[in-house]
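First subunit A sits with subunit B, and in the next complex the same chain sits with subunit C.
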Partner chain A sequence: MKQGPGGLYAAPSILWLSVFFVAPLLIIVAYSFLTQGQRGGVEWKPTLDAYKAIANPTFLTVTVNTIVVALGATLVTILIALPCGYHMARSKRQNLLLLLVIIPFWTNFLIRIYAWIAILGNEGFLNDLLRFLGLTDEPLRFLYNRWAVGLVLVYTYLPYAILPLFSTIDKFDFSLLEAARDLGATKLKAITRVLLPNIRGGVFTAFLFTFIPIFGAYAVPLLVGGTESYMLGNLIADELTKSRNWPLAAAISLVITLVTTVGVMLLLRAGGTATLGSGGAGTKEPEEGAALPAQSVASAEGEPA
Partner chain B sequence: MIGSDVVIEHVGKSFGAFRALDDVSIGIGKGEFFSLLGPSGCGKTTLLRIIAGFEQPESGAVLLDGVNVLPEPPNTRRVNTVFQNYALFPHLSVFENVAFSLRLAKAPDATVRDRVGHYLRLVELEAHADKKPAQLSGGQKQRVAIARALINEPSVLLLDEPLSALDAKLRQHMLIELDAIHDKIGITFIYVTHDQQEALSVSDRIAVMNGGQVLQVGTPQEIYEAPATDFVAKFIGETNLYEGTIRSVSGQMAELDTAEFGTVYVTDDDPPPAGTRVSWTVRPEKIRIDLERPSSVRGGLNLLSGLVDEPIYSGFQTKFYVRTDQGATLKVIKQHADWSDEGPRIRWKDSVWLSYSAEDAFLVEVKR
Partner chain C sequence: MKRSIFSKAVFAGTIVFLFLPLAVLVFYSFNESKSGSWGGFSLRWYLKLFTDSPDLWRAFGNSAIIALGSAAVATAIGTLGAIGVNWYRFRLRSYLRTVTFLPMILPEIIIGVSLLVFFSGLGIRLGLFTVFVAHVSFNLPFVFLLVLARLEEFDFSIIEAARDLGATEAQTLARVILPMIMPGIVSGFLTAVTLSLEDFVITFFVTGPGATTLPLYVYSAIRFGISPVINALSVVMILGTVALTWSMRNFLKYIAAK
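Showing the complex of A and B:
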């Protein structure tokens, strides 16, 4: 590799990263170790108060809840996005389908959440329909629980999972599926043993694109969630605006950053070993490596639940 | 391993309004090396995909050892395919590619090692077991695809233009290897190609296809020597193909009136009656070319004189385009023999004598 011009070309991105990523992160780290100000803000006296405040059961419950909701919603999103992406890649009307996936972005995110409230609310469309059909007398309470949060999160982030999956599957050579069938694989086996390992990169990207924003979600749990579906994003907002405890908000933010970073690194490791692992003279099952990310996700979900 | 016989009965397949296969019927024997030969787009791959189970025909049946396999999905048919683009699994090593069907069947590790080792040795790839397909050359990929298809011990192996992506030298080599493998394991091979040389050199029998139809089924000799239609005559090898009207018939010999060469003597198993319009052919290598008029002219010998328009020298042979006195052109190929047999060299603009016997000229099609 040449040294000289490389550094020069990297300058803009280094500048970008330091101004918009490193600096804010350092400010957050610093704030989390400072004393709470009277009306928001901080006093420049170092303390560990924020971290002591974090170590309480409420915070733990919300963290666990956030992890459960984020992992659950991400998994469901990817499970829906996979067949969507597959179908789009094989369709003759790719452009139309792509357009349909992108159309929701034309409407403001908050308005789309309110649309869900209009559908799911006590006086909402769904309850009206159920009453009209004579299936219910009293309105059913769809909103303000964990399921409503999950539903709206999946709805919101579905396109972010479909697009990377579509673009990966689109590059996949479908004759490989026929080769697998020819060699004795059922349709399902052909997909798990040949399609999935070859689109691992896309699944990985889809996971990051959905898990990270969902883990930091704020508006969705605020608008369609209840107390039991409180997420870390809501906790931060409360600390900033209501309790005016900026150091605590900073400490919680760092927890989010830490969890997502560690999660991503674990995934990267799993993805990396999978790529290397299947190179051996193969006593290994072919899809073992590919299943690793899914396994680690599943076990992480299993623990807190 | 024992091959199956494959019977294709009245198979028809359309894509929309396009008729890709039109009432195709072929019978293939156990252990035969059978080729489907025809130009690109004639339906060879479609027929192969129907046998493998990737396409369903609208009509007809495909019988393996007498049993119609059309209702079966591809994964249960005792048929394996070597795909045109190899279709190797890029995420798996050579070893795991070959082991794929054994892994699906949950074969124990020891069995997998044995069997994969055996088939990798068969295609001489033991040394490359740990490589990924991307690290292999075209010929090596080809061999992985063959080993992967054979390990399942199919009773029929389908090969879709398996050599088309290789360069000419390697193609020759792989063709010989394929033939050796076929001899060794003895299962039925159905080999798709658009290259008549490939088909002629390895096949037990060949089906020549065009436009979704089978035009002729026969041994390489039959196809080459006695083409059933004008298309087959032109598609297989080089030939001279002309039309004429039968003037008289005596036994298997017929006398033709032709516009290009006057009277021509040809043979046919059962020539049609006088007055029939026919096409006839004579292979270029069956025509003698001499500077002197041949001394002995027996009955049924076609004799013409003309001018060498264009000699094309290619080492072991020379091809001449000769303009006859009547103004038509005949292709003539002269094999070069050792010096004692080789007469004086024939050059451009030389006036020459062409002669061929009626036994080497054949009736092809009846015209109307």
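Showing the complex of A and C:
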């Protein structure tokens, strides 16, 4: 590391991100302590009204619902993604398999949601099929409930989990598994005691990449959810645009930020001790892993076959 | 160790799961009838998409301008930032590292809401400009991290050698550093373009009249129910994705081989 024109190089980045990233976040913090304006906006009178409003039952129900949906969807996603990543890492046709995961991943987010509406809707593919087979007369209602939200969330974020898990498992030394088997471990034991601890870093990354966007989900519950599957993201948007209670929207945003930041820190700490403890092949630096969905695509694709 | 049949089965199932919705869209895009049920093969929705959907193409134009413009600005700023952070010590260095990490741990909606509040607090009218600013802001950290990853593979002594041989700082940057990290810059730019074309949530909050991007257009179409033109558009976009993935892969391979 040298003394030199580093500050000059970095000045545009620092300036841009300070003005358009950090300052807006600080404004959110400030707004959450101010009084609601008449038609949106705020009045500059400090108050804790927004935080009192958060304590009401509606908000708590939505919070609990958001946590349940986010944890459930994340768990399902990772349980599916683990064997997928494992299979891809062991395959001889890695590039092809990567491509298969990346194509749906790069297909526009809204198109993917739309596709599920085309399948599950009242006039959708599934109802068509059931009618064609003579199994139903009336269309069945698959959309606009918590299960539809969960399904589409898992669908949307599955590649976010598969890609980091693949790149971690790919670096894992599989002879360790053979050694474990030779020493008498069962297949399951070899996986839980040898493979999993070594790919912890990848599991953490996958968890973060799925949990964070799902926790802040807005579009999916809006388009395929019903009233009972309302999530915090929808609440924020409503407070901003319908109720025009900006302080409350700011306060809810802060709650989401707090939950995700604390979650990240806890996971990084756990991941950090894992790095120190095992020194395994699979434990990646969190920072490196963080750029992943994009980075793993770029780096994995960049390697000549 | 034998390759696991279990993981193979899960992977195969997952691929079917991932592609099934896309296949359904392809199927419906060739459907003559407007409602769900099959009414025979037809290309009419493609015809309508290409000849009779002016709003859609205007939205596409906006998306293209925003994506290319914001990616270019984010790549320029982010690349310089990464060079500074990787090789030099300066004040605010750890601040920049922390701030570029933020978009990874903040849900999109937080970024969208904070920018909306910021713009309206300053009385800036929402429109293409605010969308552009927002896109540069969330693209910048990604470019920064991708270029940084590339820079970490290089030795500072190369820079010192250039300087010892009489190159100025600007010459070193243009003739030595930038060519060396070009693959990182290119993948940063392409990632930024993709992220920008893809973004719905942040754009949704900071957009204004006349600044409808393609995802926003699709969103309003979905709100009015299933539209066959959107089916056709989806198929075109999926094909575009495949083509882009394919060419990017070959391009990066080509660069890596060079």
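To be clear about the criterion, the second predicted complex is superposed on the first by the 244 of 305 C-alpha atoms of A that agree within 3 Å, B and C clash if a C-alpha of one lies under 4 Å from a C-alpha of the other, contacts with A are read in each partner's own complex, and residues count from 1 in each chain.
Operating definition for what follows: a contact is a pair of C-beta atoms (placed from the backbone, for glycine too) under 8 Å apart; a residue touches a chain by one contact, two chains touch by 3 or more.
These figures come from a predicted structure and were not determined experimentally.
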| item | value |
| --- | --- |
| Touched partner set for A:Asn198, first subunit B, second subunit C, both or neither | first |
| First (subunit B), second (subunit C), both or neither touched by A:Val68 | neither |
| Subunit B or subunit C, by number of subunit A residues touched | C |
| Which superposed partner A:Asp173 touches (first subunit B, second subunit C, both, neither) | first |
| First, second, both or neither for A:Arg181, with subunit B first and subunit C second | both |
| First (subunit B), second (subunit C), both or neither touched by A:Lys189 | first |
| Touching both subunit B and subunit C, residues of subunit A | 178, 181, 290 |
| Complex interface listing, subunit A residues touching subunit C | 1-10, 12-14, 16-18, 20-25, 27-28, 31, 40-41, 80, 83-84, 86-88, 90, 95, 97, 99-104, 106-119, 121, 123-125, 127-128, 131, 155, 158-159, 162, 174, 177-178, 181, 208, 212-213, 215-219, 223, 233, 236-237, 240, 246, 249-250, 253, 256-257, 260-261, 264, 287-288, 290-291, 294-295, 297-299, 301-305 |
| Of subunit C, residues touching subunit A in the complex | 1, 3-4, 6-8, 10-11, 14-15, 17-22, 24-25, 27-28, 35-38, 76-78, 80-81, 83-85, 87-93, 95-96, 99-111, 113-118, 120-121, 133-134, 136-137, 140-142, 144-146, 149, 156, 169, 183, 187, 190-191, 194-195, 197-198, 200-201, 204-205, 214-215, 218-219, 222-223, 226, 230-231, 233-234, 237-238, 241-242, 244-246, 248-249, 252-253, 255-257 |
| In the complex with subunit A, residue positions of subunit B that touch it | 52-54, 73-76, 79-81, 83, 85, 87-93, 95-96, 99-101, 103-105, 109, 129-130, 132, 148-149, 152 |
| List of subunit A residues in touch with subunit B within their complex | 173, 175-176, 178-186, 189, 193-194, 197-198, 278-283, 285-286, 290 |
